[in-house]
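Have a look at this one.
Order of writing sets the labels: A, B, C, D and E. Residues in every chain begin at 1.
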Amino acid sequence: MVNLANPILLVVIPLFFTFLIALSGSFLKSGVKYLPVIAFALNIIVSLALIPEVVKNGMVIATTAGFKPPFAIDMAVDKLGLFLSLIASLLGFVASVYNLFYIDEEPQEKFHALFTLLVAGLTWMIITGDIFNLFVAFEVTSIAAFGLVGFHRDKGAIEAGFKYLVMGSIGGSFLLIGIIMLYAATGTLNIVDIAQKTSNLTFQQKLFPFAMIFTGLGIEGALFPLNAWLPDAHPAAPSSVSSILSGIMTTAAIYAIIRLTNTIFDFNQIYFFLMIFALLTLIFGEVSAFFQKDIKRMLAYSTIGQTGLFFFAFSLNTVNGLQGAFMQMVNHSLSKGMLFLVVGGMIMQVGSRNIDDFAGLGRKMKVSSFFLAIGAFSLMGLPPFFGFWSKLKIIFAALQNANAFLVASVVIILLMSVVEGAYFFKLLQVMYFGKQEKDVAVKEASYGMLFSVVVLGTVLLIISFYPAPVINFMHKAAAEIINKNYITLALKLGGL
Amino acid sequence: MNILLEIMLATPFIGGLLAFIGGKVHRWVRFAVAVTFSFLTLIEAFVYYNVTIKGVVWGSLFGSKLILQTNPISWLFLFIVTAMSFLIVIFSIGDMEEDRIKLDSYYMQLLFVEGAMIGIVLAGDLITFFMFWEIMSWTSYFLIIYGGKKSVAAGYKYIIMSIIGAYSMFIAIAMLYVKAHSLVYADVATTLAHSSATFVVWTVVLLGIGFFVKAAIMPLHTWLPDAHSEAPSPVSPLLSGVLIKMGAYGLFIVLYGFLSVQLAGNIMPSVFSTPILLYIIQWLAALSIVLATFLAIMQEDAKRLLAYSSISQIGYVVLGIATGTSLGVAGGLFHALNHAIFKGLLFLAVGAVIYRTGTRNLSDLGGLVKKMPYTFTALLLGIIALAGVPPLNGFVSKWMIYEALLQKKEVFLLIMAFIGSTGAFLYVYRLIHSIFLGQLPKKYENVKDVPILMQVPIWVLAVSTIIFGIFPGLAMNVIVKGMKLFGFKPIAYTLFGFPQGTAMGALKVINISAVLAIAFVAAWVLFLILSKSRKVSQYDNYAAGQVVTPELKYNYSFGFYMSFGRVIKSILKLGIERIYNYWVDAAKIFGDYYMRRVYTGNLETYNSYIVIVVTIAAAAILLGGKLW
Amino acid sequence: MVKMILIAIVAPLLAFAIGLSFMMIKRKFVARIQRRYGPTIIQPIFDIMKLLLKEDNISHGIIFSLGPIIAIAGSILSVFFIPIAGLNMLTGSGDLIALLYIMAIGSLGMALGAGDSANPNASIGISRALTLMFGYDLPLVIIVISVALQYHTTDLSAIVAAQANGHWALWSLPLSAIVGFVVTYGALGEHPFDIITAPHEVATGPMVEYGGKHLGFLMINHAFHLYVEIALFVDLFLGGASNIFIFYIKMFAVFFIMMMFDEVLPRFKIDDAVRFFWKWPTVVALISLIIVLVK
Amino acid sequence: MVRKVVYSIFLAIIVLALAMFFAAYPFGKNKMTVGEYYLNHGVAQTGAANIVTSVVLDYRGFDTLGEVSVLFAAAAGVAILFFLAGGTKREQEDLTKPNFVVRVGSRIIFPFILLFGSYIFIHGHLTPGGGFQGGSIIASGFLLLYLSYPGTRTNRDGLSIIEGLAGLTFVVLGLIGLFLPQYSFLYNFLPKGTLNTIVSAGILPIIYIAIGFKVASEFAGIVDDMMCQVICRGGGK
Amino acid sequence: MIYYVGSFLLIALGLYAVIIKKNLIKILIGLDLIASGVNLLIISIGYVKGGTAPIFSRAGLKASMMVDPIPQALTLTAIVIDASEMALAVAFVVLLYKHYGTLDIKKIRSLKW
């Protein structure tokens, strides 16, 4: 029997099922929608199988084509990568279950194929150990996402898709330029190998590739001036896709930045600027979300804000900061993913995305509303939900070596948290206490859709009430990243 | 015994969940569960009477231990929380009937709030404290907005201000954590003892903002009038009687658990032999006493009146706690207990009136004394206690605070405190007059007194006002013992009052009440000896020759203190809320303006952002890798 | 023990007698100022007797009847806290600050009873009474604090003792004494602060519905009230007295001066009254207080 | 106008910075490290004469899998965007008919295009070119057909089956490597054969053929979708 | 050298078109220009002076005479990705025209704020 603890399977299994969907789409018709569920169920199994290995060795490396890196592409899963890919698989799984009941528009087989590909690409971005492979994964994700954003083919979806496409492809080009610069400088494409060879480069020589890569990944990762596509694209996409885009895509892109920054670009001067980016992202995201009437747009802006928050924590460049960033990533992925799924079911029932039309849903869709409240609370960072622990950690970390700027940043972060609370509570009170003017027959979402929500909600609740394992795990992961264990481990385990 | 702390903390949460689940079966199951569990909590609280337990570790986070503890001071607040919650649960059964409001999660939220507050008082470290503080904020938010449409706006304001306050605390806690890497109270105290004055001041100020928002000290009080008045009747006493005390408790812990008067005096200048920080807190408290009193006098809404009164009374609590002398602090703590009792009583009594009449607009009511005599009597006791008139409990604690201020010669604060008390006399009279006295409107002719389940909590509290008024020693027992732990000199007290030497004068409430009772009986006997009087209808009245008919509203209740309003017009115009609204609006316009200029919807603009980012990087490289 | 009971019985009666004597004198005195002959000097006693013995009493409800009783009970209670002529009855159980609030019990009873009469004139009267109370309370509080600080105690008997041998507070705190004198006007509802009972507008205000024994009780209460307010002033500023005659003389002196002004003054509107109290008396009292503080 | 000038300056800055950066790595200088390894060992390790192919399909085969996925995603995306609900039917009245020369010419050329394309991808491991190039050439043949016969519609189901099969072939070929003792995805398990013959380089030609089919069918599908967008009318639901 | 400069200029030109041009098709052309520029850049990185294509098509070819094969492989990948992107972009433009009746980017802004 084949050893399941192989990160490459995380990518290959969904790809296999993608092509299987394409193959069987013509005769299985709507039966293909069950294939993604199987694919991600398998992915979850693989991720779980990887856990003992990763905990034991700190990292699992899988090479391709029978050659050793740097001559072949390798997939390297460290602690955090594993955690994120587990979340990606989980989110993919629940979203594909959700899709069974959610997607009724044609062409279904294309949708499911692209959906599978999207999640596969995101997992790929997380676990790849080769920088050009990262670009390929980036493009797989982007192009799958372009198609999915335009899936509804209405005015808004097309416009959003097009904007996303133009910005995404510019970003892709910049990312490629950055990669090429690194290649020109080092002659190799393996991340660890590059990291070994960039140590003798000047700051300038490292800064430019970094800027290019940062721009490219920043577009996907929703960093402030580069994120203009996001508030358009997330609402336009079907909700399950929004859930993935919001829950995993930003996280994956930021994770990629974090990893590259901590391996290849080993410099400290840049973090101040990253912090400014993060704060701008936070401010614009949260403030804009406050003014939204469209619920998915609001959540999309909130995603920007959350991204700003964990990017800020990352840019502290300390173990604690990174730990906070990772915790917030997990929190954001689960909560925001869940929120989009919940909201999708609500929009289906209400037939509108306007928040005012959601009035009174709290009484009619009890389970959905309950989980929406939990997700919102976790995002706001109210105890005893997981967001509280992560926010606690981030603020503690930010004040660790406090200077005036950091204190000001903390004030801004907390102010923006207040803004976040303002709009989420507005939403909640409309839902629970608003009066519905229109007389629409609203039922609870179907059990299948609720299933996915409940699964995510339960996971969130479990890590909320029993956060110690996650916190400790994240602490180790952060310590490994800061201590550049990625490189040493990769060298030890034959990643090079 | 120590494990009971955790059980105690868990009891209300479990009870809440069970009440929610049980409510699916039948509503009486829900009532039964809620009553049982709130009673259990009360029993568990009594186990800790006069017990000090230090440091039960129940977890650990980020290298800081999570600790539960109890001492007589926290027991005092624990007692307030559990006892009030129990009474409110009972009252709610009568007040919140199934058909009036949908109840499915009401008891769950009520018990959750109780649990959160128990968590706050039992906390032995700041993380636990802060966690339960936040839980308290949002659970009570849901309780507030149970009241319907208007209460939603009030709840919104409440939760936003709570979050702001909580985050202010958060910064301070983070600063402490970073400095000490442990947030256990003892460690925090040691840290502060070895810190610079700036650090201490910042910590106390930031923590204080959080507490002041909860305690509704001006100028952070604006959520309270709306929230307290719009919340459902049984929730208002919880908010007013208990929840805002958490701010006072927090302040006490910070000022005397972390700092001490000596330490504060060492690192900062003193005014009137009070460290300046405490002095500023005292002034804020005094300002809230006076201004809130003025505002309360002008209210037309019974619960709003009581809400402003709460601001004013919590001002006394904070004023007392911030004096820093044994007498003052004891007075402040005692007043916290007393205020919980009489304000809970008043809110419940007003709730009972609302229950029967459906309105809380003072000018719509009147003459109910004939219909609801028991409620009237309870409310009368409540207002006497609130106005600080002997021999009820409010007087004793206020007296202690006055004496403490007088001892320290902080005369301006003392004047303000006195004024607040006299003003209280005005508004409480207005309350009882407009509801119970005067002409009985025709529509309320068939009003009955409230059911027994609602009477019981009201009367328990009413009797408590007398008990704690005549026997202040009962509470002093706990308070003095607890304060010893915090390094205060114990004050001399007896069961009935304070002997000569404790303050600048003596007090023996039992004598006052005894003489009053004798005088009353004597006068009454004289009254009865004289020929009997004959009862006449309320329409048999002097009306300058006119005939008073039931259709005519022959009652002076709207704008009761209108002429006084003219005197304080200029003060009323000073709207703190308006200033807040102005800034919030400005921020909104600002945010909207910039958002519209960033997310224009124009792809060209978006693309140029990307180019600009790259250009900045490129320029940096051209400039030789320098980024600034 | 017997002595205590004796005192307990005698003190209120004494107070009542003094108050009543003032009432009697006042009727005559005012009439003479207004160039009338005036009623016989014991007319108030006749009034009270007549009212108390009336056979047909009407009541608007229990609280209406209880109001005067509470008022009298409160007034009698205050009597015990004011030391006269070396009798320190209950001053050990409650000090000056307690006394300030004990004095409010009577007002509360009066207000409750009047409120229950369901007559808007009564309500307006109470509204004015309470407003006025709020008005004069500010300077009153300030002077009380000044005196307490001056003698480092709030125990009234101690204050009196400290003023023995002519060291009156009137000399050491002249400004406070003046303010206290003005405040006593307000507390007694005399001109120019008789807006509460203004018979022309609100038909004697709180008392409008009272008659018979109720009104009789209120008149008794007024006698007590007169006594309490003036005796407090005497104790605070004129050093009390060692025997009852000197005390009475001091009180009479105060009352006499008050009447002199009383009858020549017009009436304040209620808001003007409050403004007045919060302006000059407060400022003067504050000055006095600051002097004490600095000293 | 200001905008143009400002952004021109910005772009000039970017170009200057790029130039400055690449000045350190001058044109024509040998910058190889890993590449050298490929050149030296590629033939022996993969058996393909074309080192680029051995890099594309073997050393960096995983990239190519991604590339195939990207193309697949694009085709699926176009299909989604141009999807017409309720089936399609041909309507070509408003189209001008292509002239005779085009029609006849394209008929003659079309088989040759197919042949050429096939040649390219079959010889991908020997000569320049490969699956992508060959597939595109074949797709261009289809484009030619569409131009001359606008009414033609390809069998879409057939195309997606080819797509799927080709993709699966690639993945399955890769997965087989995981069942071998070498335990590596895309392991070249077939015998290497002799250099410079068709049957050499193990699985590489098979993959390239699969890619060729896949690319051809995908591009043809895209072209079909785009043509259809112009000439087909949705039947409505 | 000219290849470097050419690729830089292509990238700059493409960016210019993307930012300044209002017509959707021109923007797409701009995107393609950027992609071409990048591809050209990749290829020129891999060039070794005097090198030949890395194909051992006949005996006697030595590894030292060949250019870097990796950039060529990368370019291959990049080109396909660009092509895919373009196909999708054109599809979007067609639909945009259908929905909005215009190709002017300034008029296509129903989603904003």
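Worth pointing out:
Throughout what follows, a residue touches a chain if its C-beta (ideal position, glycine included) is under 8 Å from a C-beta of that chain, and two chains touch if they have at least 3 such contacts.
Everything quoted here is computed from the prediction, not taken from an experiment.
Path length between chain C and chain E in the touching-chain graph (shortest route): 2.
Any chain bridging chain A and chain D, meaning touching each of them, is among B, E; the list is complete.
Ranking every chain by how far its Cα centroid lies from the centroid of chain A, the top place goes to C.
Using the average of C-alpha coordinates as each chain's centre, C ends up farthest from chain D.
Counting C-beta pairs in contact, the pair that comes out ahead of the other among D-E and B-D is D-E. Here the CA centre of chain A is 28 Å from the CA centre of chain E. Separation between the centroids of chain C and chain D, computed from CA atoms only, is 106 Å. If you average the Cα atoms of chain B and of chain E, the two centres end up 68 Å apart.
Note on chain placement: the centre of chain A and the centre of chain B lie 43 Å apart, centres being C-alpha means. Residues of chain C found to touch two or more other chains are absent. Touching two or more other chains at once are residues 7, 11, 14, 17-18, 21-22, 25, 31-32, 34-35, 38, 60, 63, 66-67, 70, 73-74, 77-78, 81 of chain D. Across the assembly, chain B contributes residues 595, 599, 601, 603, 607-608, 611-612, 614, 617-618, 621 that each touch 2 or more other chains.
Those chain pairs judged to touch are A-B, A-D, A-E, B-C, B-D, B-E, D-E.
Looking at the complex, you find that chain E touches chain A at residues 11, 15, 18, 24, 27, 31, 34-35, 38, 41-42, 45, 68, 70-71, 74, 77-78, 81-82, 84-85, 88-89, 92-93, 95-96, 99-100, 108-111, 113. Per the touch definition, chain B reaches chain C in the complex via residues 366-367, 369-370, 373, 376, 380, 384, 387-390, 395, 399, 402-403, 406, 409, 411, 414-415, 418-419, 421-423, 425-426, 429, 432-433, 437-440, 497, 500, 503-509, 511-512, 515-516, 518-520, 522-524, 527, 530-536, 538, 540-544, 554-557, 560-561, 563-564, 566-567.
Interface of chain A with chain D (complex): residues 2-3, 6, 8-9, 12, 15-16, 18-27, 62-67, 70-73, 106-107, 109-111, 113-114, 117, 120-121, 124, 130, 132-133, 136-137, 139-140, 143-144, 146-148, 150-151, 153, 158, 161, 177, 181, 183-190, 193, 197, 204-205, 208. Chain C meets chain B in the complex at residues 8, 12, 52-63, 65, 68-70, 72-74, 76-77, 80, 90, 92-98, 100-102, 104-105, 107-108, 111-112, 115-121, 123-124, 126-128, 130-131, 133-134, 137-138, 141-142, 145, 148-149, 152-155, 203, 208-209, 212-214, 217, 269-271, 274-275, 278, 289, 293. Across the interface of their complex, chain B is touched by residues 7, 10-11, 13-14, 16-18, 20-21 of chain D.
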